[in-house]
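Labels A, B, C, D, E and F are assigned to the chains in the order they are written; within every chain, residues are numbered from 1.
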Amino acid sequence: MVERVFKSFADVANQLCEGYQNHSALQGQSRIFPNRKHVIQSLEDMQGILLPGYYSDEIHHAVSLIERLGSLQWSLSRQLHDSVPHDCPQGKCETFFCEVFQHAFSDAIQLIEKLPAIREILNTDVQAAFRGDPAAKNYDEIILSYPGILAIMTHRIAHEIFKLGYHMIARIMSEHAHSLTGIDIHPGATIGRYFFIDHGTGVVIGETCVIGDNVKVYQGVTLGALSFQRDMDGNIIRDSKKRHPTIEDDVTIYSGATILGGDTVIGRGSVIGGNVWLTKSVPPGSKVITKPEIQMFTSEI
Amino acid sequence: MVERVFKSFADVANQLCEGYQNHSALQGQSRIFPNRKHVIQSLEDMQGILLPGYYSDEIHHAVSLIERLGSLQWSLSRQLHDSVPHDCPQGKCETFFCEVFQHAFSDAIQLIEKLPAIREILNTDVQAAFRGDPAAKNYDEIILSYPGILAIMTHRIAHEIFKLGYHMIARIMSEHAHSLTGIDIHPGATIGRYFFIDHGTGVVIGETCVIGDNVKVYQGVTLGALSFQRDMDGNIIRDSKKRHPTIEDDVTIYSGATILGGDTVIGRGSVIGGNVWLTKSVPPGSKVITKPEIQMFTSEI
Amino acid sequence: MVERVFKSFADVANQLCEGYQNHSALQGQSRIFPNRKHVIQSLEDMQGILLPGYYSDEIHHAVSLIERLGSLQWSLSRQLHDSVPHDCPQGKCETFFCEVFQHAFSDAIQLIEKLPAIREILNTDVQAAFRGDPAAKNYDEIILSYPGILAIMTHRIAHEIFKLGYHMIARIMSEHAHSLTGIDIHPGATIGRYFFIDHGTGVVIGETCVIGDNVKVYQGVTLGALSFQRDMDGNIIRDSKKRHPTIEDDVTIYSGATILGGDTVIGRGSVIGGNVWLTKSVPPGSKVITKPEIQMFTSEI
Amino acid sequence: MVERVFKSFADVANQLCEGYQNHSALQGQSRIFPNRKHVIQSLEDMQGILLPGYYSDEIHHAVSLIERLGSLQWSLSRQLHDSVPHDCPQGKCETFFCEVFQHAFSDAIQLIEKLPAIREILNTDVQAAFRGDPAAKNYDEIILSYPGILAIMTHRIAHEIFKLGYHMIARIMSEHAHSLTGIDIHPGATIGRYFFIDHGTGVVIGETCVIGDNVKVYQGVTLGALSFQRDMDGNIIRDSKKRHPTIEDDVTIYSGATILGGDTVIGRGSVIGGNVWLTKSVPPGSKVITKPEIQMFTSEI
Amino acid sequence: MVERVFKSFADVANQLCEGYQNHSALQGQSRIFPNRKHVIQSLEDMQGILLPGYYSDEIHHAVSLIERLGSLQWSLSRQLHDSVPHDCPQGKCETFFCEVFQHAFSDAIQLIEKLPAIREILNTDVQAAFRGDPAAKNYDEIILSYPGILAIMTHRIAHEIFKLGYHMIARIMSEHAHSLTGIDIHPGATIGRYFFIDHGTGVVIGETCVIGDNVKVYQGVTLGALSFQRDMDGNIIRDSKKRHPTIEDDVTIYSGATILGGDTVIGRGSVIGGNVWLTKSVPPGSKVITKPEIQMFTSEI
Amino acid sequence: MVERVFKSFADVANQLCEGYQNHSALQGQSRIFPNRKHVIQSLEDMQGILLPGYYSDEIHHAVSLIERLGSLQWSLSRQLHDSVPHDCPQGKCETFFCEVFQHAFSDAIQLIEKLPAIREILNTDVQAAFRGDPAAKNYDEIILSYPGILAIMTHRIAHEIFKLGYHMIARIMSEHAHSLTGIDIHPGATIGRYFFIDHGTGVVIGETCVIGDNVKVYQGVTLGALSFQRDMDGNIIRDSKKRHPTIEDDVTIYSGATILGGDTVIGRGSVIGGNVWLTKSVPPGSKVITKPEIQMFTSEI
């Protein structure tokens, strides 16, 4: 056994395996963490339950639906449990007495009980898209082809999970929607009814945003933080202070606009123009536009 | 049978099933709608036919190709049919006499007959990419790794479907490309030969855009509408008025530029600089740049 | 056999098959090119080796790991070989004497030997994300849900492949990450340790960028080229000149900023504000912000 | 639309769809029936729970196991329900009040509660195989490669389901094992501990067989019925009379033997030779062999 | 590049590739042959069309059914074509003018037009199973779990293909059913209505068998040839002479019976007992049983 | 958390998990055992290499073939290693120094080096089938649809693995072929060239059989052991004594024949008739047939 490649790969495997054991950032704080594929599967199951036919092949009847809810509850329980770093000794058998799992089980039930309400508010979002886009021909087209619907449906699920305290699960779900749509909504954000994002690529909505009813947002809009507070050692302070803006009812924000800061409030009914950069509040009914100086040269071609 | 979870889930299933029957936006205007997975499968079949080896495993010969065209035609017929809301009673057997299906069958043939022409114009797009990007080493690299090629190939297919009147199918396809590339081209847009989008994330091209030959567009460019017309009740008017700009031949539009309005014409050979915001026409040969005021502070670190 | 559809499709197949043989851009410079699905599979295998549990189901031990390294090496060899246009006659059997394959075999070994070092630098990137985002609760959340981690991990792999000279393979990998994250990093870019991209949609980092340690970048940032040099015939000059900026250590670049040009250097410790457009160097410790004129109208609503 | 093939297929589809509605044997007694793929999936889930590592990839710990049990219970409930022809109106929403489902739910729990006992008896079967075959090197080889183990494991599950009254589900499972092993055990058969079938192809064990402990059976053995009772109209009487033989403890039955009749009892410790045809009882300790007349001709070759 | 393993494998690959080119039995008579996976897929498609719900997930309505028939016709055309060795130059484009393909196209239509009739006769087979087995509780159980139904359904399809002259395709299908059920029916066999095979493992029914209506066959029954005719060189004569027996209406053949010879006729209404070996005809109404001498020894245990 | 079902399942999981730890037959002698799915995957890879086009989609050229050989060698190494019970501490990282793995690596190379020779002998088997069956139309039909070819190809691979000492791997492979074909050949059996099994269901060929060239075997044939030797405690003696018969060149054995015993030799050129039961040797050129007494009753029907 003197193949160079064998020796070399044994070496590489050795280094990697040693690394897997180390307490680096790549495997530090916990031994238990959720399985991303399973979390996304659960998300897709919920989407299929909320919008059968559109987001799943099966049109549910009562028995098929209760079967799916029941299975969903168990897999959610597992993932919620696995997302909480704790001393539950995996691989050993006392886990049934694990309080983390019992809470996860109970929280999964709560989540499922919220699905009818999520479907109701989703109904308002689809109506808002129809009202807001002249290119939309009917509701079906919106549900089947608007990325904003996928983003807000995912957010409405992830937000409930976030409120139950399972931040990692919620973030995996919201990032999945981000990957598919280019719309990055932190699951902590509070968003009202009739919410519509058009096109959406590049939209960022921060963790502590509060958004009212009937708000419309275009591609490239950022609702972000101004800057972070750091402690004496330069470490970021991870408190729950409001860092992101408040958007009141009936506001429209055009593409590329940036609104920053936890104290910034966009008053009811305002319109924020494209590419505007705002770090201060504006009163209700404001129209804010930016007037960049443009230089034009015309030449023969 | 007294499990609380059973009762609770029976309740949830009950509410959801009732909701499925209601005429909410979530299932309103039609009982028949296309299956997104199948529509995307047909799109990918066409991509594999247009660029075998690159977008499919099989290198076609005549018999394998005609088999694929034939199968494609039947699945397209089904999807086109399913995208048209009508009274054809699914689940009953009179559908063969359904005129919608007969038109769909015929339109699917027309679409397939356009594939050779689509391949020819795609050829110009790949050449445009090669000419336009110094980082491109050869055509294969462009076909295999440039998101702009996937976006424009999908558009050229979806646009033909849109012209045949199947808007929902076309939108599902264009949104699929949007999800993969971050490039959002409405299937209604008219785009000339030798079209090149570099990087592309955040590009939005509206439904009534008209774009000439040899146009080059960078990431974050919006070709959008100024505002919508509403009727007396505040509802958007869904007419077919031109709402998006016209870009003449040989124009280059740099990253982040926004050009709005149905009457806005960018004259032949113009160059629109990065982040420019334009709502008015510019004559042929124009160079338009924006000169934002920059403030710089330098401090010790 | 007189079906119209048969005749029509035979015609279409005929035209397409003829086209496949032509030396158009769609099949021009080479007969051999890599299989995108297999390249992405190899990329995902490497991600699973670097971050087992997070990016793969299996937690590796030594024997399972060396098996994966060994299989990976052979599939990489094949793909590297296939990406190099050359006269190796596929379908005939002299290929073992093919020097391209022998180099590919050897280069695949080199690449695998770099995996432990890639894992180490990835460790710094995860730490940078934790330090840089107050919303991050722990390392696991970052690895499982931050698109910036997927983008930089892919880049660190693709960059090594790029340095070995296999540009097409490297580009397929970087474009795959671009599709999933909206972050477009050219595999030629040189990036230091502790690199953090937050949100990330719309980020573009060009081929000849040089980025120092501890740099932080937000969504929508472009590090691009000013313009290309063309030869007398108007063809782009594909030399290896530096066309993209240099970012020194400890720089932060906020969302939407654009920095262009191969001679542009952002000095150590600088902060570039949101939406800034820079084509000139700034000294160490600079703070650069843009002050667009804002117009606000407030009206009753 | 005048394609001959279109017309012809419309005709075929018409005839088939009409046929689907008719009350032929192909869709007669019930509108609800179980989904074979899902039933087999549940069977495989149970096999994976009984023999983790051998029949599933995952080695279970407590949390992963309880998740699987929970999901299994819901899918079993659905299938058990669907296998009972009844008036529960599928597609409508009153099904939660469906007593069939409530019983199925409860029966699925009972079934799962029997899994530990099934594992214990399976333990005896594996030991019997080891004791009975000199070619067996260790227990792992038996579990991984003896068809008799798959057959008896499936039977022990299907038999419990049969006893709960869900004959169709039990039969789908036993037939799945028959397809994989060539061993056809009716789920109604009662089989003792330490049961071993070697090779097994062609074994048939009838519904009302009663088999003791420590019985060994070779390929091609039939334990069948003599003949059926018919009523005055010539229809088979489907009562629950014992139609198949009783095999007492410690019996060995060699390949190709046929034992028929509900009153036939093979006494304890008997050995039944290859190809024997028996329709009468034999006392304990019998050795039964068949002595066919053999004719031999030898010729030069 | 001096790895021993590389050299050794290059050698192995070399030898294998050379072998692939040789005119051995492993690649001799034709360059074109059908793809087994696709043939089996087509078979399963037809099973799903014949017994929707049981053998496919979808319950067809007219539009979904005509789509499936249409796609099926194209893939069948391809496979039928590929099964006929001929000079059609694969990889070149003149194949549309290939007469083999045109016949295949036309024959595929004929086959599909026979599906309603196949469904009707299958209806009789299911009824025969119900009448013939007291353990059967209802038709659904028979369709979902009796291997004899899968075997006869496959035969009825394969037989039509055999009659159209595509022997290889028919044999791939019949062998697929053989693999799943242990029942080996040559697609050339002619079989009447109300045919029932119980258990079935080991049943062999030869190419030139003729079987009447209402025949019942048990496991292990062989309907075979006596011996083959050879020419002067000792090669088998592959003529179409009848080599296998004729079974008239209303015959029952019990397990393990063997009936051989092309001139052997089992008269109407006969019953052939288990393990009987017959090479001569028997008149209508015969009961044939075998009486092996049995020796029994009883000993204490 | 007081759900009854939760408590009950926790209990079940508890019992099962405890059981998993016990040293029962279900997890006794070793902690490491091979993964059946991966073993079968490797078998199928080898079948695809031996018969490309028939048993794999890809037609290999040299580069694709060496890639497959290389990947195969690593996965085989892993499985061979995992099949040997030893103290190599899985989950820890010293395994590269594991001698078992080093031997497995080396043995996997040896196995691959035998593939060309296996292909050559397989060539004789296909010819034997063509010569032996008048229903065979050409070689392609035999390769694509004769179960005997799959069985003997698998045996020729498994036999080489058996000779290298990896019995469990060999048995998993042979049992896989048994499941698909009903033909059960122990990997220890020695089988000459030009071997043909027709139909095959129910064939059993024991571990120590020695079979010459040009032997033909029909369905239901058993080449088995007479009885086992046991030690004083009644345990089977697992020595390597020859327990199964020797079949010399040019022998034909018809369906259902049983030949038993390690000293039984069927002389060259003999023909053993259907259903014959033989436990003694017969000289070369013998014809052995069985003449069961048949009783026939004819009655009116």
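As a working rule, contacts are C-beta pairs under 8 Å (C-beta built on N, C-alpha and C of every residue); 3 or more make two chains touch, one makes a residue touch a chain.
Owing to the predicted nature of the structure, the values given are computational and were not obtained by experimental measurement.
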Taking all residue numbers used at the chain D/chain F interface, answer same if over half belong to both copies and different if under half do. different
Higher number of C-beta pairs in contact (C-D or A-B) found for A-B
Measure off the straight-line distance from the CA centroid of chain C to the CA centroid of chain F, and report it in whole Å. 48
Which integer distance in Å separates the CA centroid of chain A from that of chain C? 25
Taking each chain's mean CA coordinate, chain C and chain E are separated, in whole Å, by 53
Using the touch definition from the top, which residues of chain F touch two or more other chains? 5, 10-11, 13-14, 17, 61-62, 66, 70, 73, 93, 96, 182, 201-202, 220, 256, 275, 290, 292-293
Please output the residues of chain D touching chain C within their complex, sorted ascending. 2-5
Contact footprint of chain D on chain E as seen in their complex: 49, 51-54, 57, 59-62, 65-66, 69-70, 73, 109, 112-113, 115-116, 119-120, 122-123, 126-127, 130-147, 180-182, 199, 201-202, 219-220, 255-256, 274-275, 290, 292-301
Applying the document's contact rule, which stretches of chain C touch chain B when the two form their complex? 5, 8-17, 19-20, 24-30, 33-37, 85, 167-168, 171-172, 174-175, 178-179, 182, 184, 186, 188, 201-202, 204, 206-207, 220, 222, 224-225, 228-229, 235-238, 243, 250, 256, 258, 268-269, 275-278, 282-293
If you look only at chain B, which of its residues touch chain E in the complex? 61-64, 66-67, 70-71, 73-75, 77-78, 81-82, 88, 90-96, 98, 101
